[in-house]
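Order as written gives the chain letters A, B, C and D; numbering starts at 1 within each chain.
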């Protein structure tokens, strides 16, 4: 179950402290020229250590192409990418292998898999998301080859108690903030909050918002494969993600129909579209042509530098003290992961739509 | 894409105003005795017209077994169920076929399918959920045959501005409220609010909470098929669902790690388990053995009895006036649908787990 | 596992002596006008009792549309079809329920499913193929709407020791023979052979050949989903099918490369194509544009009117004597089933190809 | 579509003359100790250059483990294997890139994929089967951990006009022949025939037989996923495979029911089983517990050292002259590939069966 997608499919492999992280991308048409600078740039955004507010593990995350490329273009065969691990210090983790870390997957992985790789969280580590980001950068290029206007943009809209409803217009706006929050005042408050938490050995969660513009109408395959149902599936497969909402989401649950409903209008160009897009770009599980808008909630990073009570694998009470490099918040680094998973979901729907649009 | 599941699979068919609604359930082992009273009881809970706060369409929703049963037990062959439509008054909808109803799927269905069935919303109607509820009642019986302690319970935790954090202990508690809200004061406030909305020809949204007890640890297939990722996928495939969260969800995004983290403890019985279950029953996408807890947000019913501005299929501005029978809120009737989709997801994971647990 | 296909998908249900046989067809685009006369005609060809050389069970096989049609055209929703059983005489089978019939599926179904429906073979009966034929007639119409020149034709090329290499040009040629063998001399020999077998209470097997013309080049999804690999999969899912070969098949295994190889030529129209088509229309698992040609071997009907030694479910030796209506050979009736499964496989590949052909 | 399987799944990647060949194996339980000697031994059997009758390309085929292993045992995460290409001489192929080689996949790959890797056949090369063999060796170890008596054995039963019905009892018997034909007289005739063909610059096809002993009864998932239907699917996905038959197969099509039918008997141990196993180990698509027996036909190697007429990519008639290293027959090297694909199919069915056997 390490494969995601139906026609555009990624299969990932690799562990935090193994040889590296890989992904096989299947379903790419032949003849697509790949811009590898974009892939590396996407990986650089995900990489730990890019700012003071992320983990200090240093990985160049250089992608090697194992297969599927000929003279710079896809061949229709699986594109396999490999990102070697270089800064995997297993010794950091040796001491924690014997205890179940609170709110980590160690417990369930041991239960389910008997012999999971314990080094650095093994397969359950967020390091796996490097493969997603690389695949997402390929998916984006496929999407843009078909829909040149299509743009996927995600950003930090909340960390801890600090939240903004401001929507940025460009990736530059997002990147101008070290915490990827495009609202300068909120960004500043978040930075100060993360400094405070760091001092206290504590962590926090947050919310990422995402918008897709230039998406064609008609994507989505009801009933079960509604566009937003697949997006929710993809987003909640990301480490630490605990919630998803599209359009007005949970806030919409409190609204009246007369407030929430969205009249159709005819634009000056003669197109029919919903006026307010409170639905977030989908109706009945199918894209309307209006921008997609959704949000993903992340729980706080579970690794604290404070001592925590827990038990060993044998049930003995113990105190867990973790040293080493850890983010105070998963959200800034998860922004490019949300974008990547969005691209992967949309690439799949675009191919499906081509099959069904007769 | 009208199939959901990998080993326990449902394929549904049928439209609001066609001959009926059906479901083929594949993956059932042979020899399972089915209690049809439970199936009918689940359908009765979903049925419109069961209380003053739901639509007045009258459907007996009597299940016919088309295949897969011999001497009262499953045969290992597909169990196909059929629920005839009896109270489908197409004339109610004739007048709306030519306009795009605000916040409805008419627009996207016409775009994508060219010739969708327009009668009563056709395939996009919530009537399809009768098939899900019937299948869910079968899935529940499969689950209970394997885990007799397993209980799935959903309830109304918010409608409009009225919300409760109270968690009921039994289905009777839920059913004692006509709006399926087990907190008597909030239930009463909701009832009054729905009366008010009805008078004003308006509608509202709400939130359903769900809890699963007695679930074994180890269910879930990371990385992409995390238990909560598949639950989100299933829940957002329900009509009008716009958000999903597990455990603390969006609220957890605002918490600190030191508040949110959940120490492992050893119980008096010698079992290791998380102490607070803030994670909602999953870690790393795998069930911990603690109760599952999640919430689903629903937007307001889009059909209002107030006149609404919109356009015709040809883009002409018009005023939509709908007569007839419509719920003021999707939530009370969606409670058994949330339970059904939960059972369907869990039955699939249970079968998958049996395959992988070697 | 009662679903076949990836984008064009059929899910079948029903048993020989249950209420009927059904199929849900998913993946059809909206707006396709269905000619139901063709569906009924295809079913009539499969139906027992259409000639002296098939079983005497009398079923009108009238298709009812349960869902997916509006004003005579597909809606994009699942097209569900239902064929009621009318001439199911269970008493014929009561006496055989307690013994394992030689070369029948009773033994394995009891083993695997504990409580299989024993009436008339239940789910393992060839009656299920009515659903395949109905779905195939829909698939054919989808194919022809996209490729008007596409023609699928199957015929009896061998029964028992009588074999022909003659290839017919039309369905009329095939239907002119009561055993669907378009070579008149061989047809006559087969008829006499079947009369002989009938007199002796014996049965036989045979071979069906099939050809598809007008198929576009490019269908097939290597490596694992080669066009002929999926055809083999589909054909061997038919009851009593025991072998499949494409192009020269087993005979080609005895040939030299210099005999077997097929030079590419340029036709008068300027198209490149293989000259001899010994490959049977595929190279590397992808259609070449030349006609598909393949053959399917069927074992003899296992139900004999001669007494046969076997054991009861409890292992007691017994003599099985079967009365009632049974074909002497599965092949004539399986001709439309082979055509149907071919159409279903091709419809799936056509949709997949549309997705990948960018 | 480079993934095969449902629960035990392989995803392969890589090209003949790229960096290497890889496979991601998903669905393995955790805690399985892998014997890598067996994997290398299986690869050595497939490797070209192991005998005078196979191609002279020299590849050590050393497997590198990219992920999924910890302390010598599987972790439940994907096991990714990588086999670097070392002796890929692209220059051999440069001259053929511009012509469509007769009976090769160049033509269809160019048509379908626009920019396929032309070096050495790229993705369509039999080099990809190294990945299958490695995965098959893992699948075999999974199978044997569950069913210690299970043995998969394949052998050459025919090459060109030379054929044997002898069935070997051990892999040593098979390996004692340089062409993997366990009948010494036929082996000798084949060797002489291959010498003759080599001298004439010609090639031939052949047939591989396979038998599986110790398989439990109950594997197979009718209707569409019959055990032999999936085997046919897997076998026909192998390069150059053009036919499949199980049990008596095409020969059985010529038999009478009274000759072919297989009475059930009770063994001395009190087990019920078919007496003759003419069905080849399956009834109704489900394993009976008797040995599986099937055969796979391969067409002649398409690369000849004789000049052949064909056309260029632009349709110009030309004469193709190929130098270099090529097998005279695909069959001896395909023996371990047939065994590997058998193991992969069976591992998948074993996991599925565990899910359904409740």
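By definition in this document, contacts are C-beta pairs under 8 Å (C-beta built on N, C-alpha and C of every residue); 3 or more make two chains touch, one makes a residue touch a chain.
From a predicted model like this one, the values you see are computed outputs, not experimental measurements.
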Residue numbers at the chain A-chain B contact, same meaning over half shared and different meaning under half, come out as same
Quick note, more Cb pairs in contact for A-C or B-C? It is B-C
Overlaying chain B on chain D by their Cα positions calls for a rotation, in degrees to the nearest 5, of 180
Here the gap between chain A and chain C, centre to centre from mean Cα coordinates and rounded to Å, is 46
Distance between the CA centroids of chain A and chain B (whole Å) is 27
Whole-Å distance, C-alpha centre of chain B to that of chain C, is 39
Flagged in chain A as touching 2+ other chains are 1-3, 12, 27, 29, 76, 109, 112, 123, 352, 356-357
In the complex, the residues of chain B that touch chain A are 1-4, 12, 100, 102-105, 107-109, 111-112, 123-124, 128, 158, 160-161, 197, 202-207, 217-218, 220-226, 228-230, 232-237, 242-250, 252-266, 270, 272, 274, 278-280, 282-288, 297-304, 306, 308-311, 315-317, 352, 356-357
Contacts from chain C onto chain B in the complex sit at residues 1-3, 9, 11-15, 18-22, 24, 26-27, 29-31, 65-68, 70-71, 73-80, 82, 109, 112-119, 122-123
Residue positions on chain B within touch of chain D in the complex are 6-7, 27, 29, 32, 76, 145-146, 351-352, 354-358
